[in-house]
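Notes follow the structure.
Chain IDs A, B, C and D follow the sequence of writing; residue 1 opens each chain.
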Amino acid sequence: MQAQAILGTSMFDGILHAAFAHGICIFILVSAFGGISGGHINPAVTLGVALVGKINPLHAVFYILSQLAGGFLGALLVRLSIPPETFQIIYGGATLCSPGVNWMQGLIAETMTTFMLVQSVLLTAVDTDRNGLAALAIGFTVLVDVLAAGNISGASMNPGRSFGPNIVGALFIRSTLLPTHFWSLHWIYYIGPAIGAFLAAGIFRFVVTQPGNIEKRNLKF
Amino acid sequence: MQAQAILGTSMFDGILHAAFAHGICIFILVSAFGGISGGHINPAVTLGVALVGKINPLHAVFYILSQLAGGFLGALLVRLSIPPETFQIIYGGATLCSPGVNWMQGLIAETMTTFMLVQSVLLTAVDTDRNGLAALAIGFTVLVDVLAAGNISGASMNPGRSFGPNIVGALFIRSTLLPTHFWSLHWIYYIGPAIGAFLAAGIFRFVVTQPGNIEKRNLKF
Amino acid sequence: MQAQAILGTSMFDGILHAAFAHGICIFILVSAFGGISGGHINPAVTLGVALVGKINPLHAVFYILSQLAGGFLGALLVRLSIPPETFQIIYGGATLCSPGVNWMQGLIAETMTTFMLVQSVLLTAVDTDRNGLAALAIGFTVLVDVLAAGNISGASMNPGRSFGPNIVGALFIRSTLLPTHFWSLHWIYYIGPAIGAFLAAGIFRFVVTQPGNIEKRNLKF
Amino acid sequence: MQAQAILGTSMFDGILHAAFAHGICIFILVSAFGGISGGHINPAVTLGVALVGKINPLHAVFYILSQLAGGFLGALLVRLSIPPETFQIIYGGATLCSPGVNWMQGLIAETMTTFMLVQSVLLTAVDTDRNGLAALAIGFTVLVDVLAAGNISGASMNPGRSFGPNIVGALFIRSTLLPTHFWSLHWIYYIGPAIGAFLAAGIFRFVVTQPGNIEKRNLKF
């Protein structure tokens, strides 16, 4: 967002662009890889799916390591694909809180957006195989989350998306050019998504899928 | 919209942002909760479904109370998630008529947009279980309604969406900073959706699903 | 488009707004009414479907009269819903060629966009009942057509959409305030869609559905 | 993009417009023609499908010739549909690298975006016939690719899309008005997509569809 302000585009344009880019990218990857790996691409999603017992915990660990590695390699590829000045202006693509946002606001934003995302994954894909729009619902949850919280915390919802760009940004941009909260608030992109995944998985296990509640359900969509 | 004007973004950008945020959010919630509760999230939708006899009236009352409570809690969460100045600039997220819009124009806008929404719900989800795109059609109706009437009345279509932000806005913003129509036109967000729901349910019961008409129908999509 | 220039928004914003509003509205109406009437809402579509023999010609005449009446009533409702000055600025919502566009460019634009639309209707909905995304493909064809030709001719593709606003605009706006091409180029919104419908229906009848070609087809999507 | 800068619209607006126009156009064409020809419309896609053995090589040659001819005819139609000055401002619709982008950045952008596109085609349409959203996933991959790389190389991903506009642009625009990289970087729009198609087809053949891997797959979406 900082970058876009510098480039002279309006805040809302930037968020529409970011929201579609992220949300629709998740849709196409879930659509393409859902049948192979489940299409997680996100440690918070893997954590949520593990917490409801739908992925082997050891597999989950390898999933998360792969996700962090993928984010790192992707950030390197960005470094190669764009002019260095642009790379510096966007701080390597790092997720950052907007000016004036404090840690609590950023943490709430990351927690709630990740909660929504993991909830969509659990209710549309894990819980049922009859929702033909599951991949779209998951991708569009990311889209909506970026529209809602992009101006607050950047709406990462994904430690794998926040990890690589910060590392690669720190490697290739002089530290004096980085904003002070480049590292100081970086923790919210791990703690927020973790809390969100726990909340969504907890509600799923102890409310949604409780035997007494399941019987009353009547799948329509 | 007022807020966006102050922030210097153009009217049309703001509406695209609002339209996608609201419309796609409805899609993902209907997609995720359609199988659990029907995914109403809107007193006008619950009223429309009750009027065509597809939900128990007592359940409908509890649905509507939950929707109002959810809107109130959501508005509180917004208060916690963004800087107080921003909260004040957007009047707590309240739905407001644009400058120059009178009560009749606002009421027509809320009535017609809600009519469209309830009609989509009845025709794509209640009337048939063969429309695989029902959740998308419902969410996208909200999207189109915001594009069409966002500049008129804010395109709430949902008393639950209008109730909470006005209450929370009044609690946390000094009343002298609120526009005069913050409360004076607030009634249109209840009466408009109610009329729209009655119209859509009436056409559905007395035209669309009349025995003589049903026989001629030939579901293609 | 003229209106948007006056309001100070950029040309491209205006087209995104118009494209989503029109395209997604067609999607939701086809999704809701496809099972009742086919969801034509457009004389050019009805003409194309009639030319391939999938609607009774007498029914088609009544469909088209209803579409023209609907467009007229819709334009009146717009007159009631927005401030008169705004109604005048947008010329009652009439479809107009952009400044500098001559009749041939406008006619090509209306012909080609309508050709695309009728082709989508015939190939995704009329020709097969196995395309679960037909309603979306049809609505999104309108969306793309507006993005492509909105700056040329306004991308009406629909005599029913062009008829009402011009009549109502002429009734409520002083004629000296209307641009000279308000009526002088109005014919392209009837002739262009008609040619487009003939082209699409002709290719469908004499190429796509020819027995020799049908056998080789292998429906995947 | 150059054209849009001249017209005074912001970079990000232009990319949203281009992304939706291209991505959704691919969706509707794949949805309409997928059942007839597979809906390739792109030499890189045809190459990828041929490399995994799902299209007869001779047919592939004719497909590619048709795609190049279609792009040429489409570019001529653009010349007829818009005022000559606009045609000149957009350089005939040619795909061009942004100022400051070197050949390596452009080549990486074209390679990676085409890789994503061919991967989506192979995983959602060629590999399975159970993905009801395949056409949407393919079109939306183009949409995301334009959002990601539109500002770098123009995100052509398609030699058929780059060929015609450059030829027609050169025929109708005086060469002194064309930018120096109009031809000098034109090769990346053939080499990049070819590399991308080879990468995607290689991973598909030697990793995704290997017998040992196939057995473990569990198609969910």
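As a working rule, contacts are C-beta pairs under 8 Å (C-beta built on N, C-alpha and C of every residue); 3 or more make two chains touch, one makes a residue touch a chain.
Note that the structure is a prediction, hence the values are computed from the model and not measured.
The chains that touch chain A as well as chain B do not exist here; no chain meets both. In the CA-based superposition of chain C onto chain D, the rotation angle is 90 degrees, rounded to steps of 5.
Among the remaining chains, the Cα-based centre furthest from that of chain D is the centre of B.
Where the sister copies chain B and chain C meet, the same residue numbers recur on both sides for under half of the interface positions.
Between the CA-based centres of chain B and chain C the separation comes to 27 Å, rounded to the whole angstrom.
Centre-to-centre separation of chain A and chain C, using mean CA positions: 39 Å. Looking at chain B, one finds that residues 10, 13, 16, 132-134, 136 touch two or more other chains. Chain contacts in this assembly form a single closed ring in which each chain touches exactly two others. Partner chain D is touched in their complex by these residues of chain A: 4, 7-10, 13-14, 16-17, 20-21, 24-25, 27-28, 30-36, 38-39, 77, 80-83, 125, 129, 132-136.
Across the interface of their complex, chain B is touched by residues 10-13, 15-16, 19, 100-101, 104-105, 108-109, 112, 116, 119-120, 123-124, 128, 131-134, 136-137, 140-141, 143-144, 147-149, 152, 208, 217-221 of chain A.
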